[in-house]
């Protein structure tokens, strides 16, 4: 089972993308998935978490995700104790930043960096980074195919928006694949 | 234990008098008593029942009175199945009537008659018969003293009304004592 | 044209019959006549209160039409649900009517009523105002008038019975900008019936507030019920009015009022009142009428 | 003379601070300023709703005064109880204030509010009107205006968002003949504060209905909250008025209205509206104002 | 002073002596006599208290929450539909640890509508975090109003108390009741003390707050812990009451002729008296039977119950309620306590009194006969209805 | 068709397929997604139904009573405070035998306030005369909406059904859900039939009537009898559903790896999944453990439960609720059923998840360890809290 | 006379025979209200002009107007006296009930 | 600056240490809201005429007027921009937050 934790801010679409990943894996990828938010009384602007669980068998477990395989940080201002808690030895942290060094210094875990904000502005015209971060995750993790993610995007978004996001995810995927595996 | 059942019509004070008897027996007579109404959704004008239980020991029993020692009928138009149900062999029926014969024919039980309406009109100026019927009951039953009933009346009613009712109960008591024991 | 109702035009058939209300009960007359106007395809909803308590005592059922007792707070909501259900089932030409007491309308039921009006559900709501919680033994409600003795506003050394004024239920309902609302009295029966007819024809929510004396709770003789309901209007302590198309209309505007004292003195709930209390009641009446005459058309 | 409030006269001390409301929240400004006017001896009662949800999250408490969350339906009743308790204990010169949302006031809380007014309990009741159930995620309430998209009145092929009009909460409260009632807007803050001051000085129940934009629920940018609240008044979709001594008074009666379109178009909840929808909204506005101008003094 | 009064009157007398600052109540049969008497007492000045005519039971309790939240003493009373209508506010008040006292006149629940006594209403509220006590007669009703405030306001308890009395059978039955002297009550029940959970001008408080998933469970655990340990306070208060007024009710439960009993009938409320009456008759006939009157259902006296019942052969539980699709609620609760016993007596459930159906002495005799038969090893129906008027 | 949706979404899909005539609901977290989806479906015409924006939950249920009383199909949904606020109407509807279906999103009760999932709310309503079913995942939630109508409207049942799903853990968790075809659902769930208890123009009826002490008890006995026998209908409907849709939930309860289990953990709702996960791990380790998922709490499956549990050594019951002053409510209910067994297994109560506190796999493992230890004869606390963040 | 009539009714002999739900047929009277009366209205048909005021005002609806002259359903008349009081021509007399 | 300050707070170490009831001291802040901000208001004190409009309209009350010039409590400012928008003299600039 793969467990992913998403860090965002209310309104940034971090839960939407956690859900999209689950959809890609299950509806299109034939696997099983759960996606759920961590929900609090705080209002827009406050940090929020999202989770995705993916497995080849039906997922029975209903407990919270305590330690995860991937941590995805949509906004580098969120870096802090919440991000670095509940890490396993090999948990990969994927962060939206242009300057990853400062984060690498602080943890022993692998830190994958992508400047998702710039990419998003390039493809969407707005700094909405969630799709790009999914691209990065998929490039690093390889537990869901990029194709399935694109199908999920196409299904969930209006055609015009969907197209742009598909371009964006492809770009993000490519950038990360090249940087880390290429 | 003595159990009394009162038959009246909503608004005629049949429960008030059931209560007064209990008060006389307990507060003034040093015995124990319960008094309770039978209460229904019907409105003023419908027949209602009241009950009094008297004993020298604390009364624990909370079940309904099924068969009783005395049945007191405040208004002869109420005569019917309800009045003659739940009688023991020696249950005494005390009825407000000037013509008791018609009732005596219908039951084997002793029937004590008193023209309480006339007495009430004489003493109170209104056909409110409950006090007179208590007088009759006490005269027949001898399980509560007339004195204690008078004390209960004095305590429960406004002085002016109380005085008249005391005269009335004395008269009713006397009439019945004389007719049946004298 | 709208049917005009009177004793002649009214059907002889009774749709509310054999109930166990007290003799001379004003509310039961209001229900009886409203049902006749609404007809056999009326579905009635009655919350806890005298009218439901006396009409559904198994196995004695006084309505000949479909009828239901609702939770005390829920006349408006149950009636709304019935209307929605009938509509969804395609059962047409039926009328859903709620009959609630003053307590069930102005106190515990006001929220559900407000919701129904807000949704403009297709129901007729009739408030039977006997100015207290009668079914439970004459306790003060929001529509109990100043000076009325009830079992929870005893009159004694320190208090003259109820010390609050009657809630302006009719105005509150009107403020919702309801499709149709009216006040009525069982002292003016043709007026009442014709208002029920208007309500019947209204699409959306309509409300009729009918003044209905209660001999048991008010302590008056049973035979004067209708008379007293008329007197209440004639002496100005009650009024006949309508709210329609966003405007108030006063249906009766007496030049001179009949005697308030005469109205009060035949009711034991008022017998403790001092002349100051009566003066206060008259004063409040005059203020109310001044406002109505100023703001409402005739 | 009654204290007049403005930024200069207002205390610098904050009594409602550090709450977790969204940035630019209109309601939180209304609560903040009302508390400053009422002062440190105010006891606040807030039902379920955004304002309570963001202010009592253990261990973060945003009120510096005594405060309580009430059951959703119970602002009026809890506040009444607090006032009665304080009086019985002889704790004087305190003020009990209820802050409820539009849902908590016009829907689920209207009964308890009506009861409090009827008893004329000594409380200040402030309705924070952001025109929907925001705390639970923007569902339609009785105060949601026509054409507003909410999560339970979606706008689509068949419906233009909410199809009912805003409940006339202010008029409904006034119809109770309340001691003092007013409407206000966070776009006119001095007016609002001075009304809170009047309410504070009122013996008995007072009610202030304050219009408070919600960037999250309305879909507008956070920095325009106050501006938008002012625009609502200027374009006539909201109004400033008082009810006092039995009479209505219109506090602002603009000769010309600002543009309704300008007001609507910056809010995503209205972005689906057709020009017919807008015409209907303007029409309803004009009817409302015609009535107010006819019946209310200035 | 002795008076011949109804159970409802007795409650009002008890409340008068306990001097609540504010009474907020809404009328409902068969509670009305109580609130009517209280209105009269307030009017005539024999009770100095604010009487609030609230517009519903939900507001009656919400109002009491308001009163109690500022540190004043609150009283309310209700029954049946009213109890359910206010039910949202009950865990609200108990979680806030507000020492409100409420009288509940036990009455059947609609539908069908019915104004008579059964205990379906209060059984609904067993999980509400309120202490629940049931009384047997009018005297106990009066006495428990006074005890209830002392228990509720005890520093270690700080939990609201619901005093239950059977509709009509107790509320509308008149009996001889001793009315304690105000001075003695004042000595027994001190004025309400200010605790940490209420508002104060000196140290402002936030009440009825939110506690997220990080903290909520511990708040509830504390509430449960204090409710559990209130048993000791209940016992102590009852003893102290006995010392002061000469009437001791035996705390959590009253075991009547149970010492050597082979068969015990567990009762709650007014049916206890009838059961004792029949028990005495059977004892006279040489049968080893007893009655265990459960006074409190929350906290539930697991240990005490087992102590009394452990060497019994058969136990009957009377339920004036039914949890549809299962069994009587008291039966369920008693059974769960008994599983702690190694040797478990047989238990049978006798359901009756629904909607005010009489429970007769013959019914109780039948129950004891069934239990004796069960004790002798015969098969008996686990759940039986009493006094059924038709074929089942 | 498969969709990746939340539990709330799944409920809405189920309701859409069941085609209620009228939906009356009031928003409350975590039920809101359901009513939002339904509003959208009504707006876009994919569900032909009247959506009523009622002003409170009390009116939501009252409205549903009105809808059902004229013979139409009604749906409502609520949670927590809302469930209690409408509680007066629940025995009202069940006594009237109106086959309303309601979704309840299980959530903690104030105070303290908390929006997360525990089961205190629905445990409050066990005596309401409603059938109560608890689901384990979103698929079951959807499927049970359809089953619920068929059960409720069955001639022999005619009783409202409450479908409970854990707040957030189910309501807000997205998973893969199969959406049945409308035609197949139509074949499985016929249009609502007209029964004798509803209004009709041909034969007018009086509903929700009064029945005095002469008759009331028999009305309630009939209600109880039909609720008891609904067990058979529940089993049959589930089987038929399995035949039609390929998903069979095992009726009243689902015994998971219980055949030879020495230790069984009884669960209700979503914690079942976590318990099964741990159970599988322990089975791999050779431990004889099982999980018994109770699906229905009313009617309560006394016999079935005993059949599964009778030869077990130790049984644990997880309660996401606490009846203050006693124990977890499911524990109480299970214990009472077990007293019918001659040889009774030991039972322990594990309370947790209050106010949304996580129940972790380690917690469950601890629970099983405790049970195994108990089965081995060691002393263990009868009632324990799971995942406590501080000293007790 | 066109008034609802008392129906024969037997207490249900079994639980099965009880209604489903808290339901009963409407228009179902099994007992009369005559016993509530202490006075009984008697119409003087000679004086009566058939103005129907009494028919209108009777709270219990027991005055039938379908025949050539008014008819009172004494099974359900409660003797409240409203009719007599409201009859302008005083054609109705309230007469004391005899046993 | 006269604004409520963050308090040191320890999670209760035992059930005993939990509050009695669902209660907490008022005026009790243990965490700040600064993290909500993406833009930060900066006042140009030279341009500011101390009209106090910004003080009045700030929903979070973070602008302190007690000193010689306005002071913003950045621990609790959410960066909503209301102050900047309402300042007639445009003395407040919303500046993007840096990490």
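To keep things simple, chains are lettered A, B, C, D, E, F, G and H as they appear, and every chain counts its residues starting from 1.
Convention: a residue touches a chain if its C-beta (ideal position, glycine included) is under 8 Å from a C-beta of that chain, and two chains touch if they have at least 3 such contacts.
Computed from a predicted model, the values in this text were never measured in an experiment.
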item: Length of the shortest touching-chain route, chain C through to chain H; value: 2
item: For chain G, the least number of touch steps when starting out from chain F; value: 1
item: Pair of chains joined by more contacts [C-beta pairs], A-H or C-E; value: C-E
item: Separation of chain B from chain H, taking each centre as the mean of its C-alpha atoms, in whole Å; value: 79
item: Centre-to-centre distance between chain B and chain A (centres being mean Cα positions), rounded to whole Å; value: 87
item: CA centroid of chain B to CA centroid of chain G, Å; value: 32
item: Contacts with two or more other chains, residues of chain E listed in rising order; value: 53, 55-56, 58, 81, 85, 88, 92, 95-96, 110-113, 204-212, 214-215, 218-219, 221, 358, 389-390, 392
item: Contacts with 2+ other chains: residues of chain C; value: 20-23, 25, 52-53, 56-58, 61, 63-67, 69, 71, 73, 107-108, 110-111, 114-115, 118-119, 142, 164, 215
item: Interface hub residues of chain G, defined as touching at least two other chains; value: 11-12, 15, 18, 21-22, 24-28, 36-37, 78
item: Contacting residues of chain F [partner chain C, same complex]; value: 21-22, 24, 49-50, 52-56, 58-60, 62-72, 74, 88-89, 92, 199-201, 204-212, 215
item: Residues of chain E defined as touching chain G within the complex; value: 110-113, 389-392
item: Partner chain D, residues of chain F touching it in the complex; value: 26-29, 32, 35-36, 39-40, 43-45, 51, 53, 55-56, 81, 85, 110-113
item: Contacting residues of chain C [partner chain F, same complex]; value: 41, 43, 45, 52-53, 55-58, 61, 63-71, 73-74, 76-89, 91, 94, 111-112, 114-115, 118-119
item: Complex contact set, residues of chain F against chain G; value: 95-98, 158, 195-198, 203-209, 211, 214-215, 218-219, 221-222, 225
